[in-house]
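I'd like to ask you about the structure that follows.
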Amino acid sequence: MVQKEAEKILETRELSVNMGPQHPATHGVLRLVLDIDGETIVKVTPYVGYLHRGIEKLGESLSYFQALPLTDRMDYVSAMSNNIGYVVAVEKLFGIEAPERAKFIRTIVGEMSRISNHLLWLATHALDIGAMTVFLYCFREREWLLDLFEMICGARLTVTYPRVGGVRNDVPQEFLESLWKFTDEFPSRILEYETLIDQNRIWLQRTVGIGIISAEEAVNMGMTGPTLRGSGVPYDIRKHKPYDAYDKVEFDVPIGTTGDTYDRYRCRMLELRQSNNIIRQLIEKLPPGPVMAEDPKFILPPKDKMMPITHPTKDLAYFILEKACKGCGMCMRACPAKAITGEKKAPHKINQALCVNCATCLVTCKFKSATVVPGGKGLSDEKLAELAVAPDQLPEDIKQAQQLLVRQFEFIKKGPKAPEGELYVATEVPKGELGFYFVSDGTGKPFRMRLRAPSFIHASCLPRLCVGHLVADVIAAIGTIDIVLGECDR
Amino acid sequence: MAVTEVRISIHTTGLDPKDIAEKIKGQFPDQVIEVAEFRDQVSVIIKRDQVVAVLKYLHDDPVLSFDHLQDLTAVDYKGKKDIRFEVVYNLYSTRYRHHIRIRAQVPENDTKINSAVPVWSGADWHERECFDMFGIEFTGHPDLRRILMPEDWEGYPLRKDYPLKGPELDKDWPGFTDVLKRSKELREFDWEG
Amino acid sequence: MDINNIISPGLLDAFIKFGINLLIIILKIVVVLAIGLLHVAYATYFERKVIGHMQVRLGPMRVGWHGLLQPFADGLKLFFKEDIVPAKADKAVFYIAPIIFMAASMVNLSVIPFSYSFTIADFKISPVIADINIGLLFIFAMAGIGVYGIFIAGWASNSKYAFLGGIRSAAQVISYEIAMGLSLVGVMIMAGSLNLTDIVRAQEESVFGMFAIPQIIGFVVFSIAAVAETNRTPFDMPEAESELVAGYFTEYSGFRFALFFLGEYIAMIIMASMATICFLGGWTIPWYIKVVPFINYVPGIVWFLMKVYAFFFFFYWIRATLPRYRYDQVMGIGWKILIPVALANILVTGLVKIIITTMNGV
Amino acid sequence: MMAVGASHYDFDRFGIIFRGSPRQADCVIVAGTVTKKMVPVIRRVFDQIPEPRYVVAMGSCACTGGIFRTYSTVQGCDTFLPVDVYVPGCPPRPETLLEGMMLLQEKIRNEQARWSPWR
């Protein structure tokens, strides 16, 4: 009785705390509103969308081949895996088969990206729980991997290295050697992290029994990837629907039992070792051969055979035949260097000093007046007029190069047409299942491009993981589901 | 607390998606409109009235057991089809490894469909996103609010008639334009070297 | 009139003596403050350097040789920053909180003895500003007042993060103060005094040369409590960066923030000095080290500082290695482990003391 | 941005450390795409920083909007913030960001007028 009255007088209210979108521990711009009773979480409401850039809508305005760089910017932590996911989906839509070597290389870089993603995850997860040094150790190895990425494509994060139909270029031999050295050394580095935290009493107290989620519930909520496997569901798309070269390597999938933060942590640590193994197997088996499919309908022509850039006869000069020129002004408008001048209905002229050898005039001219003079670089206009011949009388190899160039122009301008239909293709990125759903209406651009982002689903599971725990466990929960807001919001 | 490494086979043993489509047809003969196939993926187009019943059947049936909702989204077929919207469910069974796609038609003048949250709780945010991007209302959804865009945003960005570059500056989201105006006012206090 | 007629020579003598004493005290305060603040500045610098090197990087390198002037650059910058007071803050309290916090920790510097006393021209100078008999109790009392600074800073900011940080800090500091006090009771029993100078002297005369050996349990408890008391990792609940942004001083900027920073590092110095004085023998060295030739010529202050620095290094080392505890776990450790252990330690120490005194009596 | 803080590049060398609270910051790095939903938040964070304060726009997206010309992105954060240094790149290499911070230091060094009593 007395107690009841006392409760009436001392009415307690929950305190609602707004966490983010600017908060050091929310991995970007996630916003959480926590209703707390003392230090216990009563309710969590996540708010996302602070990084929504409209990639899906933007993808509808670009051709299938142009939208590839957008996928890097989704999950910028493991851009390579996202690229691969997109490329695999588009290849399936077009019915292209990448060559064997390209598939192997893609699998290698995909697993590298998995390692680098898990390293970043471990680093930030440990930093959130307060273990500062693990953060810096992880970044040491991550830098190594990023240097390797740089070696093959020149970029560290947003790589855009896999292409539809293969990969951008073959990997250099030094890359494979360096990577082999990395795989040699990496297991000992994993041990190093584990000595810091694996059996650390504080770490165990902070992770064991926190954020438990059962297998059925996890599947029902749509969790995927290591987050799901920590609960004991053996769902891994690399095994369920093998793409690229995953059916040619042997690896195990780590599965947890209780589904708490510690299990998910262990799963990812074991995945690091498995990925390391996969890379080693693939390097040993790497077959020789081309790295790009040869399909004139869907694949860009090889750059080294194309006209202006690295053609064997480099000292080309472009010239407009006076007799054939009708003075329509098309080339003048198209010229990016503004090197072409001339009155209307009078023959135009190319200022050789300004010309950048882009061959735009060659492609745009409808009257076959613009031509190319092999070995004509640095010659005067009179001399060029002497040497110049009509485009259809040019030597055979230059003609071919020119055709390739025209093909590229068409390709970039319109994009190859996809067959009509719809397709959902999922791949296993480090964070979970990345799905691409295309609706094609038979044109060069997707009618609808849908990205199924694992982070989006995982973020929606946050309330389920946090309620009933303490404020500090929210941080651990955000870490354990491994979200990147760029992917979550798209 | 124990994490073990298991070897999963890579051979899929699931049902043929065409058989699944037949099963659905047998169970709900008046609901199925069409069955489409493209590159080994089968999608079943159904009416929207019984959509939750169909989904529940797919989820609960012991042979099918579609426990994993891979994706839920909508497509705007403006100018292509008579019925403008379609809500797309991509389903997968983690146990039997088969896949099916369900497409429910939603007309433009009455953009309502029953929510799939009772079947898969993971559908929650997917449906909110569909509401946000297409304006499709999911009746029975526990908390249907905008998710990616600000809550007082006007228009549905992923509809085909929405411009890619968004509204003009004077019709833009007030939260944004207010800040622009205020920062212009505050600019006079900035220090200039 | 002659001045000698008004004031008797005796009185004048007393006045002069008083003046000189006053001068000495002021001088002492100035010296201690200057050295203390310099130590704070370089404590931050060494923290960044030590942790940097533990994490395979370099730490500050640019300002001065190997970044030696970095703390001054930082301090200067903070001094010139705008001083923001949140619109809804409780202004008076908001202003006063950092001052309370810093004053409370700075006052503690006055009772810390640094070395042997020495005489210059008849004046016996003991290197402590106030050699009071209840030095230990005084430090506890002042640490208790410092919590007020933190708590009202959290409250006055009118921010939820700061508020949570303030609550956490108050709870944590109060509970760990008990453990710390109890861990020092053993030292008091062994020394038979609360005067810090006497404690050091007792250690010099004891068999082991320092209390850290017989009082090893007390020392461990004290070290843990000291880390918690100064709100450092793994007990940095009040300012857990990933949870509460910056804890109770989230809303403080510019110089007020610097005051908190200063107070915190002075508290660290106090804790390190306490450990040195109560457990590590202060400025003295045990007799078994004195056997080494010439080591007697090393002045006491050097030993004292070396021990303090070692303790500082220990602070940094922990910070670089361990993850953070959760709030309830911190309290659990304090109440369920440290306090019982400290109590048992007191029991054992007391029993041993009684047995020894009775045996000596017989 | 995280890579700069880590061992390989080490911001701490230049005396730069990350702070959680805007009240104790001198410089805000706008990293990544700025969306319209985020604008009020960023402006608010900026308003909380005590003077003198600086803004570094990091990445093409923060500088100009980058490849995202869509309904929800802001075309450059200089539309509502006084940006001091633009760091291009998508994303910028850590060296570029370091260079940007060096430039900012240069800029501050040339700012004597701001600190004199006769300003």
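All chains are identified by letter, namely A, B, C and D, in their written order; residue positions are counted from 1 within each chain.
What we mean here is this: a residue touches a chain if its C-beta (ideal position, glycine included) is under 8 Å from a C-beta of that chain, and two chains touch if they have at least 3 such contacts.
A quick note: this is a predicted structure, and the numbers were derived from the prediction, not measured.
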Completion exercise
Comparing C-D with A-B, the busier interface by C-beta pairs is A-B
Handout entry: CA centroid of subunit A to CA centroid of subunit B, Å
Key = 23
Practice task
Let me have the rounded angstrom distance from the C-alpha centre of subunit C over to the C-alpha centre of subunit D, please.
Solution key: 38
Completion exercise
In whole angstrom, the CA-centroid distance of subunit B from subunit C equals 60
Practice task
Calculate how many whole Å lie between the centre of subunit A and the centre of subunit C, each centre taken as the average of the chain's C-alpha atoms.
Solution key: 52
Practice task
Among the residues of subunit C, pick out those that touch two or more other chains and give their numbers.
Solution key: 55-57, 241, 245
Completion exercise
subunit A residues touching 2+ other chains are 23-24, 49, 52, 54, 57-58, 135-136, 140, 489
Practice task
Please list all residues of subunit D that touch 2 or more other chains.
Solution key: 6-7, 20, 37, 52, 69-72
Completion exercise
Contacting chain pairs, sorted by label, are A-B, A-C, A-D, B-D, C-D
Handout entry: Sites on subunit B touched by subunit A in the complex
Key = 1-10, 12, 36, 38-39, 41, 43, 67-71, 73, 75-76, 80, 88, 90, 94, 97, 99, 101, 120-126, 129, 133, 146-150, 157-158, 162, 164
Handout entry: Residue ranges of subunit A in contact with subunit B within the complex
Key = 48-49, 52, 54, 56-58, 60-61, 92-93, 95, 208, 216-217, 219-223, 230, 233-236, 239-242, 246-247, 250, 252-258, 260, 262-263, 266-267, 270, 274, 421-424, 426, 433, 435, 437, 439, 441, 447-448, 450, 452, 456-457, 459-460, 489-490
Practice task
Give every residue of subunit D touching subunit A within the complex, in rising order.
Solution key: 2-3, 6-8, 18, 20, 22, 32-33, 35, 37-38, 41-42, 45, 67-73, 90-91, 93
Exercise for the section: Please give the residue numbers of subunit A that touch subunit C in the complex, ascending. Expected result: 15, 17-18, 23-25, 39, 126-133, 135-137, 140, 196-197, 200, 202-203, 205-206, 470-475
Exercise for the section: Using the touch definition up top, name the residues of subunit A that touch subunit D in the complex. Expected result: 21-24, 28-29, 49-55, 57-58, 69-70, 73, 76, 120, 123-124, 135-136, 139-140, 142-143, 146, 156-158, 486, 489
